[in-house]
Amino acid sequence: MITFSKKFWGIILLCCTFLLAACNDKSATNNEQKNAGKDNNKKITVVTTIAQIGEPLSVIGGDRVEVKSLMGPSVDPHLYQATHGDIQTLENADVVFYNGLHLEANMVDIFEEIEKSKSVLAIGETIDKSKLLHDENNAVDPHIWFDIDLWQQALDAAVDQLKEYSPENASYFEENKVKYFEKLQQLKEDTKKLTEIPEEQRILVTAHDAFGYFGRMHHMKVVGLQGLSTDGEIGISDIQNTIDTIVKYKVPAVFVESSINESSIKAVIEGAKKQGVPIQLGGELFSDAMGKAGTEEGTYLGMYRHNIDTIYTALKGGSNTNE
Amino acid sequence: MWSILLNSNTQWVLLSTAILGIAAGTIGSLAYWKRQSLMSDALAHAALPGVIIAFLLFKVKHLFVLITGAAISAVIGAFFIQGIRSSTRIKEDTAMGMILSIFYGFGIMLLTIANRTSGNQSGLNNFILGQSASMVQSDVWTMSLLAILVVSVVVIGFKEWKIYLFDRQFASGLGLPLKGMDVVYTILLVTTIVVGIQAVGVILIAALLIIPAVSARYWTHSFQAMVIISALFGGASGTIGTLISAIGNGWPTGPFIVVLAASFFIISLIFGKEKGILVQYWQMKRHKKQEIIQSIPTSVLKKEVQ
Amino acid sequence: MTYTAWIILTASLVGLSCGLIGVFLILRKMAMMADAISHTVLLGIVVAFIITQELTGVHMLIGAIIAGLMTALFVQWLNSLDVQQEAAIGIVFTTLFAIGVILIEAFVGNAHLDVQHALMGEITFIPWNRITLPIVGSIPKATAILTLVFFVVLLFIIAFYKEWKITTFDPGLAASVGIPVLFMHYLFMSLVSITTVASFDAVGAIMVVAMLITPAASAYLWTDRLYMMLVISGLFGVASAVIGYFIAAWIDTSISGSMAFATGLIFLASYLLSPKHGLLAKYLKPEETFE
Amino acid sequence: MNEVVLEVKNLTAAYQKNTVLRDVNFQVEAGSLTGIVGPNGAGKSTLIKTMLALHPVLSGEVHFFGSTYKKMKKRIGYVPQRGSVDWDFPTIALDVVMMGLYGQIGWLRRPTKTHQRMAFEALDKMGMADYANRQISQLSGGQQQRVFLARALVQSADIYFMDEPLAGVDAATERAIMKILDELKAAGKTVMVVHHDLQTVADYFDHVLFLNRTVIKHGKTNEVYTEDNIATTYGGSIRLIGGRIGNVVHPVKQ
């Protein structure tokens, strides 16, 4: 017993010294690292959380910036798991952009900390609060990239931040930004074809509530089975209410999302069919995640266009067969 | 409001959960006596790496492929738990906790890699976390098949199972194939778990496997009656839980079934005929009274302790 | 590389605290309580949210710790009514979790409140979430909290070492020599709750459950002395953290997942190589008899 | 007659709906060595546990040295059945014996060399000195039983209760234990032992307590250990080799 306590205390002492040593050591080297951050001669490293921010910025930044998105193009931010590489990515970042509005809920503290040493912007929070959508419990809907105008404003704020970080490239960014925004306006024009869908059938039924801004912009009624987050559990009444809406408005098609389990939306389809409404699966929409990098759907414009085309084909085509 | 009960979705969910409740209640009684109540929880988590590996190998999100992966992974988990328990002095609950966390951690590792390397896979971990409310006609059939399988296997070998559970040594003396029965039992349990988690989620399947069996114990001392009562409790939890969640607006179905099962448990705990709190209290009181009335017992009582 | 050091240091603290607590957890045959608590904290944070309407902060932690204690209390209560411990754990955690989900749907609605966001931390980002303390300077918040938790755990284990030992080994004797068995049980469960919840907050649930159970189980194969088991378990916890980190760095994946996996590797090594209970040892000298 | 050290009056106890003990009355005098015998389920273990407040009392009273159990706790030693603990617990024999002293050592104190020596002496008395540093799972059943007995000895109590210390042990252990019991008796201590082997009762104990839900007969062995009393206790079927006692649920759970 005596030997025991001696050993025990010895080991504890050892652990303590180890801990203390580790603490001192690290905080010292840490500061050095921070100061060594900025280097103007090479490419600006931009890190974003979601690819919806990253991809447009990579176009606007052209060859002057290197853009990395923590959540790969097809990753649902609600279910994002950090990898070891993300540390390096964040550490090497010059400028960091994130969506904000609680989309990256568990990372907010981190960005606040990084803000002390790096240039960080929550682009979603630069938008006029009155333009944001809220649910019945007054929670903000963070999926603002589905409103092209709002997203343009948000990207604008991001580009301003970039210019501020690197004034010598300001004109280059401005030039690219104007070009990109033209494309956005073109995209906005293209979306007008949604208005060809009969108004009472402009109903977008999806698995989770990501399309609030989309609906507002394109005058569509949006019915989401799940809440804003993808983690919740639904009830039968949620499914039944959705089916009732479909039956009431004779909605011809519903949609699944790339990143969400399809089973609940399939239950809606079957239920509606059973009630004599021949409804079809309109196709896959990109909501929280975008398509695979390198493909058309892996870009913001391509992703948006894909959604518009899918919705248009499904609802317009469907309405034709109904008439 | 009540018209919702006539809708086909409600009926599908009602039937599926009721039938799943019966199947889970039946196999749950076996698990209870094997003292493996938490096996469902452990194996449900152990299924994750299988799902991801199946996806990485075949690059499809096809239900059957992923379920097979989940089942294989869960069986390996069960095999490890059994191996650790029998070949070391580590106890079963520790082995379960280890396999649960290590397999799940491994699954998360793979999931992160899958997220990084190939597109269109997010929600893979959600894939094994089903939603009760979204069950459809085909689920009714799946659950029926499952229930038929489970119930018939248990019924056909009923007395063998009984010996297998209560007296392994005696069973082996009778020449029962204990290893084979272990395998059959594990396959039944894993099948129920894997089919269950993709349809209704981990928590609900764990609850349905555990709670009805424990509740049933409060009503009977006979194993046969316990299995039947447990199946009934499971089925009733599924049915009534679904009904309640259907009536309310936006009430999640799965959790209500769990709460219903828990309510049955509390009722059993309090009013149960065999070991219920009230019965025990009343018997204690009666004992005390008797002690006062009767002075010295002359005859030797015949009842055995416990 | 300093971020690496912070992450390894923090994970090592989790490994140490969980390793120590885990030894008693598995000897008391309550390993699955770790998993149960990882589910029931949901109820705690939902209730805390409903009361305070705040998504972050200390309320959530307190709510979660209370939920952990409630889990222990209910399990103990059912156990005292003659329900198998395992079954009791199963009943309590599924029910409390389900109530948590129902409360979310009923009172919280669409707010971004899920366990993963509100309570489950991500070890990868620990170095960026800092606070400034006197003397030490600016250090990651999680590291500070976990250091505190570690010393609390260490203090309690050392101070009541013989009480933990006797109540774990033979509660009947403990009661008969006048040690308050039930009080020690709840004290222990409080330690478990505090450790797990603080660790969840820093590094996430998967890693905590793994760190609580596996290093202790591995240590159990190496030694026949309780204090050595504590020491080895703590060391294995630290080793798992380090190995796990380098696996994650090597194949660029989730750090906490890799650390959970690394506890498994250490167990595998112990299972094969342990001089007393390892497979190899058994193979080499198959019969060990009494006397 | 010697001083009465234990007095049980109208004691009743129950497990769920079965009354296990009913109206138990007896007195034990100092320095006696009593064997408690009775068939399976007669309530022998329950009697001990109930007296030691490890099982709830329905009615009746138990007095130790004219006082309550709580006040006299330190003078009472208890040897539970061997199966009541997990022998895989990572500790050595000496440590288990030392646990008997934990109550005396007190909070926040560590066992000292003196305690270690006391524990070692107790082990030595049981002929277990060579095994002091053995892990407890590596001991045979008989050795484990001796460790348990040593643990009770180290408590240096005045009255001991032992639950089946002779069940399933080897001959050497049985001899060692009986030697100790005789020594305890010689030292004026009181010992009550639950015993299952009717053949050895007459040799081992000076008093016998026949129990079957209640006290059938209690007294000096040479006076009450008769075939009649055995028959009454065992319900007619005399089996001189008693059966195994089933597992009794330990009331104190973790």
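Each chain gets a letter, A, B, C and D, in the order it is written, and its residues are counted from 1.
Here, a residue touches a chain if its C-beta (ideal position, glycine included) is under 8 Å from a C-beta of that chain, and two chains touch if they have at least 3 such contacts.
Values in this document were obtained by computation on a predicted structure and should not be read as measured data.
Connectivity without chain C: the remaining chains stay one piece (groups of touching chains, all others kept in their positions).
Taking each chain's centre as the mean of its C-alpha atoms, the one that lies farthest from the centre of chain A is D.
Two chain pairs, B-D and A-B, are weighed by contacting C-beta pairs, with A-B ahead. Of all the chains shown, the one with its CA centroid nearest the global CA centroid is C.
The distance from the centre of chain A to the centre of chain D, each centre being the mean of the chain's C-alpha atoms, comes to 70 Å. Put simply, the C-alpha centre of chain B and that of chain D have 42 angstrom between them.
Chain A and chain B have centres, each the mean of its CA atoms, that are 38 Å apart.
Between chain B and chain C the centroid-to-centroid distance comes to 25 Å (mean Cα coordinates, whole Å). Chain D has residues 110-111, 137, 249 in contact with two or more other chains. Touching of two or more other chains is recorded for residues 81-83, 85, 232-233, 235 of chain A. The residues of chain B that reach two or more other chains are 89, 108, 111-112, 116, 250-252, 254-256, 275, listed in rising order. Residues 10, 12, 14-20, 22-23, 40-41, 43, 46, 58-59, 88, 137, 212-214, 232-233, 235, 246, 248-249 of chain D are the ones touching chain B in the complex. Within the complex, the chain B residues that touch chain A are 4, 7-10, 12-13, 108, 111-112, 115-116, 118-123, 125-127, 129-131, 133-137, 201, 242, 245-256. Remark: chain B residues 32, 35-38, 40-42, 84, 87-91, 93-98, 100-102, 104-113, 116, 203-204, 206-207, 209-211, 213-214, 250-252, 254-256, 258-259, 261-262, 265, 269, 275, 277 touch chain C in the complex.
Of all residues in chain C, only 27-30, 79-80, 82, 85, 159-163, 165-179, 181, 185, 220, 223-226, 228-229, 288, 290-291 touch chain D in the complex they form.
The touching residues of chain C, counted against chain B in their complex, run 26, 29-32, 34-35, 39, 78, 81-87, 89-91, 94-95, 97-99, 101-102, 105-106, 206-207, 209-210, 212-214, 216-217, 220-221, 247-248, 251-254, 256-261, 263-264, 267, 271, 277, 279, 282.
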